[in-house]
């Protein structure tokens, strides 16, 4: 262990914080738009550079114990709980830090172009830096509590950025929806942590940093809470947290609405970095899941189901960003399938490659929307290959990578996951995974065709995006191409030094490529025919909508999941809240008990007042009656 | 023969007193009530003498029967309220309550008193001499006696305040 | 004047003296009363700060103690002193008072001399409660400070101020009168056992057990539960908060509610540890239920101040769980949460006050899109809302985290119920924030609202600074209350048995 | 002043009050108040300075011991305050000044005599000396209400007196002596105990009437409302104090468990009836009347502590008397000729006359028993006696009753301090110094309770 | 046990006390029932008279002169009371025009 005070880690997280503060306070008045943009991007670049430096230091260490820690100060110490503000760099967090800072830097540069002329330009960049700071804190945290700080910090950043244009109540409530759904997930995360802490404390372990936790994982396995095995319960609860953050079933509803935010935000937060936090957390806590295989099955099944469901929905969407959003949900499903199958390294590998090509696709969509000055409906686009050539080429790379066409990145990581799932024996899950891969290829091809092929259906005058936007996209495209091969060769052994080298069976490769090809061809057939390409076979339906109209409407409306949540959860809860205030609070406690007693005493007072009739003789009679009563009481003592 | 006469006289006087009291309470015209009260007071003073409290009996006639009754008669004439009042008596419920209260008081007190009164009171005993009683008044009870003077003075001033037409 | 009891006395009685002075100002000098009040409450903050820095966290028991004869016929002595917990509450009161005074410069127009005199008298009353170590002295301060609060709500309050102030006064008074009977019973029971008439708090620790102990504990608990406010006894809070002027609400939420909890920590639990051990769970359950109940009722409000008032019921519900669970982390979390709630709810009321001063309405429907018109105010309100929700990185999270983690080990179900409350807090707070700040500027009256003025910045900045400081580096405060927390737990009969995480089968 | 050797020294205080009263009858009306005031002040000073020596020229008929000194101090202070605080305006308009300033001091002399004699007959006669002037004074107002109040008070007063005489007769018959101390013999009696305790009860009833305990309290609201306010002040403070002290001496002397039970119920009923009946009142004077009934109840709660409760009872009487006289005097100053002061009448007083509003608030808060005012310490120590006397149940009732009383006490303060009202039109008469002294005593007296409790504790052995 | 008449020159104490209490009770009943103010006063006098009879009775039973002195004092007290009472009655008559007790209903509630 390099000792606990490796300095570089704190320098990795400080620049974004400085960027946030400077842009936030001084931005509007003192910095020009250009200066603000550069400051923001520079901050993230610094983090990226420091990440690289610390990576090289990490690599110098012997393969077995590659760990760098930096304890800044004791954050909380109350009774048995001591939580240090400590950062940790090991292969897993190094990879994540690189991905986060690298992709963020590119998106920052892109945003300078995209957000040009927006009134809240500096506020936007300060929020982005704010996000990167908390993401890095999340990734580099040495104990789950600090990770939770990062966890909620990024949730807040996404809330602020989704609702960036808050004049529109639609966007504001989308932000609120994202934050609250995250909060529900976070509650699960917290509950899991609480149980973990309780189990550890019961076992006499009081430090909560990951090294000690993984060393005492068997404590959790041994203990049981309310009859259920503790490790399993912690695993599931932490996974609930992950579903909230990484938009898995049932808490994925917020991600499609999160598209209300600026597109670079969608690219950075809702594709590349934040949503992957769930996968990172599971990978980080994997020592726990090893102790509770049942929890892994839960992850596997949920991941698979989410992937399939999202892919189906993506097929029928009209809004370009909605398609990409559901695609992200689906790809995250894949990552969770990988972790569920026990291959967290494969999951992280897919996470990295996905970050590249999904960010690329989102930025491309951004430049399309920017080009068509705000138009997002696929049916109003078309033929953009003529007007936006570079964007077309870059989108094409992203399309190939996502579909899993070799040799691009998508193929390597997705194929690896399918193979791991297959080898882990979950046959049915593998089959659905394969089908989802095909569907993925289908909807991304459909997007490409609708947007770029054929001729332009919209009214706007499409124009190509400036260099400051296309250059980052180019870099990302390069990474999408080269990332797969480099990752397979270098990343996996780096993450799991001891693991045996991966051998890809030829059969598995063939099957996944076939699935991808099927998807693409189907897309060209159906979508191509739909937009009037004459020479297609009769059996091929004009479009999905025509073939199964009722099914199509169901899928287009996202299986009405939002409406179901609204009807089953939100509405009744709101009505119950209203009822608790109106009836028990105002009527029962306040009305009956408090004011009731007051009214009772007042009426008693009035009756006593009425007894004062004013007639002196009546008083005398009361006098005598009282006296006789007392006299009787006195004498009773003697005679009874 | 004398003792028999004494006891008969006692019971005669008791009957007179009770009749007088009933008269004061029940007669309708205030003047008749006043006269009935006068009769009661005289009968009581006779009783005192019978019981040996001669000084008290005689003083009762002078002070009580004389001065106080004069005041009452004066008050009745001043207010000219000789004929019976036309106002209706108390509602039945209050009447009954009053009766019950008074009877209750009598019953309870007698209940308390009878348990121990096996003692007897000699009629026409040797009375305490006036000198002896005077010695008490100006001996042990001087403070009380002085207080009485203050009381009467206060009574006069009070009556003047109440009856004064204008300040 | 080294750091000791006389400094403590100065800190307590300086405001009262200044208050009397201000009340006697001639009518012509009325405009001076505000600044004078501000300077005196600031002056009073200096000794409090000196005490805080001079406070030695390692030393167990009371510091700066003083013990003078007072009513020898009754056996009551003037004993004051501070330990970790009361020191923290002491400095919180001294810290919030100047802010409350500053915030009412523009809000209060008539009877200003009497207003500031009441505010300063209230400060002395509160400081006295935290410093008193003699049961009778505690009770005198406890009820004496009701009078200035009654005047503040009753005279300078909103439309239904009379109803609210009378309800507040009688509700609290009735609760504490039962405590008076209990004190008397204890007083004579102690005298019969030891032959000594005394009111010293230390004499009554662990003083009664069994049935009578439980009865007495409930009498004390009722008086403090009304103040906390614990669930069924809370209906005075919304009326008092809504109708009180801004400064009144700040002090009411910031300090008065904490006296209920302080009462439990200093008196109710240590006096009857056995009864507290058995009755602990039901009362904590009331607290946990209060968290959910408070959040639900807050969500149903359309008046911002009422929403914040009900949120206080929720926040203090979770504090009660923390205090009664007798687990070191949870208790120090609860004590810290008392400060946090004071800061965040105080700041919330401050901001609502600023809005009220501009638009003279508290209904969310009358606002909308304020973020565009008053961006700085929106940012400040955002930070305070997040602190109130308990977002990590700010002060709210530290308290709630410690309470939840500590309480889970002993009462997992209560911790989980409170966790539910934490989610609901995000729902209603962000719901309110969105209705007020986001969306289009629908109401024309909101068009040209001025953003924060200098005076308002001065009010809110110290609160924000502390909110962030406690969020980032809470250890500075936690270190100082450790010994006091352990003393409390020891007096309360030791930590509770941990929930059995049975070493079950695989 | 060395010990009073001669009889003159013994009765000097009584003379110092009576003689100026008589002078007040003779001098011009304007001087009458000064004469009475000087007389009372001189007596107060004389008593305060003199050291009581236990000489008994007339046996138990006239006793001057430390206990009597304490009694006299209380009565004289209350009487002095009532006399001095009678507003001159009221005097000129409706009260016959000369007689007024004669009758009130005479009533005070009656009270002093009542508390200085150990002989029941003396006590009865003194009680009459107290009552007669008050019957006249109650009727002093030139209105129908005045006459009615006076006559009602007279009727019920004489009814009570007659009962007391019968009680004394029975008591003497069974115990053989009329000394208060002989009440201790009741428990020893065998055959005649029933008659003795019956007689004892009748005597108690007479004084219970004067102290306005529950079954005998119905006259209080009407008479206090009808009578001139300073007279009500005197009745509510000095007369009630005298009656309560006599009740206490009798109760302590007899010390019968039966009477503890009876007083338990009477106290509970008095507190409840007094406080609850006051809730709906709008007339401030009538509300204060009901409050004085309730306070008699609180005092009875103190009785449960037995003989050792005397310091608490004495201190509470002092504090209660100060607060009641203060409150009534302020009402006297504020009321405009016949129309009494109502809650609406007080509205806006704080704005119009802050000094009087603050003083009334202090008096009312002390009556309510809110710390740090003296009323709280009085109530606290009184309830403590009840707890020592093993009557916690009564303390709980007392505590709840004072919680109920908060409502109407606060309604007075709320009226004064909220909004604008016709109180603003009150003439800005100066606030008399005595009122400030009473206010200061009530505000700070509690913190210096030792000044009352310790001497009272020292005087304990002289209780029968 | 009370036995009658054989002792001719003395009377059981109970009879005298009974007489006194009876007069007292009659006075009390009259006081509670009669409407005319002056008759009320007479009833009060009756009650006092009854009490005096009891006092005199006891002056004989344990044979001591004191009660008789007290009876004399009671005359003075009764006289003073009657004086003030009648003055008030006249005042009521002058101001309210009637001596009926029902007129005294102004103060109530």
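Going by the order they are written in, the chains are A, B, C, D and E; count residues from 1 in each one.
Throughout what follows, a contact is a pair of C-beta atoms (placed from the backbone, for glycine too) under 8 Å apart; a residue touches a chain by one contact, two chains touch by 3 or more.
From a predicted model like this one, the values you see are computed outputs, not experimental measurements.
Undergrad: Tell me the fewest steps from subunit C to subunit D, where a step is a jump to a chain it touches.
TA: 1
Undergrad: Going by the contact rule set out at the top, which chains touch both subunit B and subunit C?
TA: Where subunit B and subunit C share a partner, that partner set is A, D.
Undergrad: Relative to subunit B, which chain's C-alpha centre is the most remote?
TA: Chain centre farthest from subunit B's centre: A.
Undergrad: Between what two chains do the most C-beta pairs come into contact?
TA: B-E
Undergrad: Give, as an integer number of Å, the spacing between the C-alpha centres of subunit E and subunit C.
TA: Distance between chain centres: 67 Å.
Undergrad: Per the centroid of Cα atoms for each chain, what is the distance between subunit A and subunit E, given in Å?
TA: 99
Undergrad: Using mean C-alpha positions as chain centres, tell me how far subunit B is from subunit D in Å, no decimals.
TA: Comparing mean C-alpha positions, subunit D is 32 Å from subunit B.
Undergrad: Roughly how many whole angstrom separate the Cα centroids of subunit A and subunit C?
TA: A distance of 37 Å separates the two centres.
Undergrad: Mind pulling the residue numbers of subunit A that touch at least two other chains?
TA: Residue numbers touching two or more other chains: 609, 612, 614, 616-618, 620-621, 624-625, 627, 631, 635, 639.
Undergrad: Can you list the subunit C residues in contact with two or more other chains?
TA: Not one residue of subunit C touches more than one other chain, so the list is empty.
Undergrad: Can you list the residues of subunit E that touch 2 or more other chains?
TA: Within subunit E, the residues that touch at least two other chains are 17, 21, 24, 27-28, 31-33, 50, 52, 57, 61, 66, 73, 77, 80-81, 84, 87-89, 91, 102, 104, 106-109.
Undergrad: Touching pairs of chains, all of them, please.
TA: Chain-chain contacts present: A-B, A-C, A-D, A-E, B-D, B-E, C-D, D-E.
Undergrad: Show which residues of subunit C lie in contact with subunit D when the two form their complex.
TA: 70-74, 111, 114, 136, 139-144, 146-147, 150-151, 154-155, 161-162, 165-166, 169-170, 173-174, 177-178, 180-181, 184-185, 187-188
Undergrad: Could you pull out which subunit A residues touch subunit E in their complex?
TA: Listed in rising order, the residues are 609-610, 612-617, 620-621, 624.
Undergrad: Residues of subunit B touching subunit D in their complex?
TA: Against subunit D, subunit B makes touches at 108-109, 111-113, 115-116, 139-144, 147-148, 150-151, 153-155, 157-162, 164, 167.
Undergrad: Taking the touch rule as given, give the residues of subunit A at its contact with subunit C in the complex, in rising order.
TA: Residue list for subunit A touching subunit C: 73-81, 145, 148-149, 151-153, 156, 159, 163, 166-169, 172-173, 176, 179-180, 183-184, 187, 190-191, 193-195, 197-199, 201-202, 221-227, 229-230, 574, 576-578, 580-582, 585, 589-590, 593-594.
Undergrad: Considering the complex alone, what residue numbers of subunit E touch subunit B?
TA: Of all residues in subunit E, those touching subunit B are 1-2, 5, 7-19, 21-30, 32-36, 38-39, 41-43, 45-46, 49-50, 52-53, 56-57, 59-61, 65-66, 68-69, 71-73, 75-84, 86-91, 93-94, 99-100, 102.
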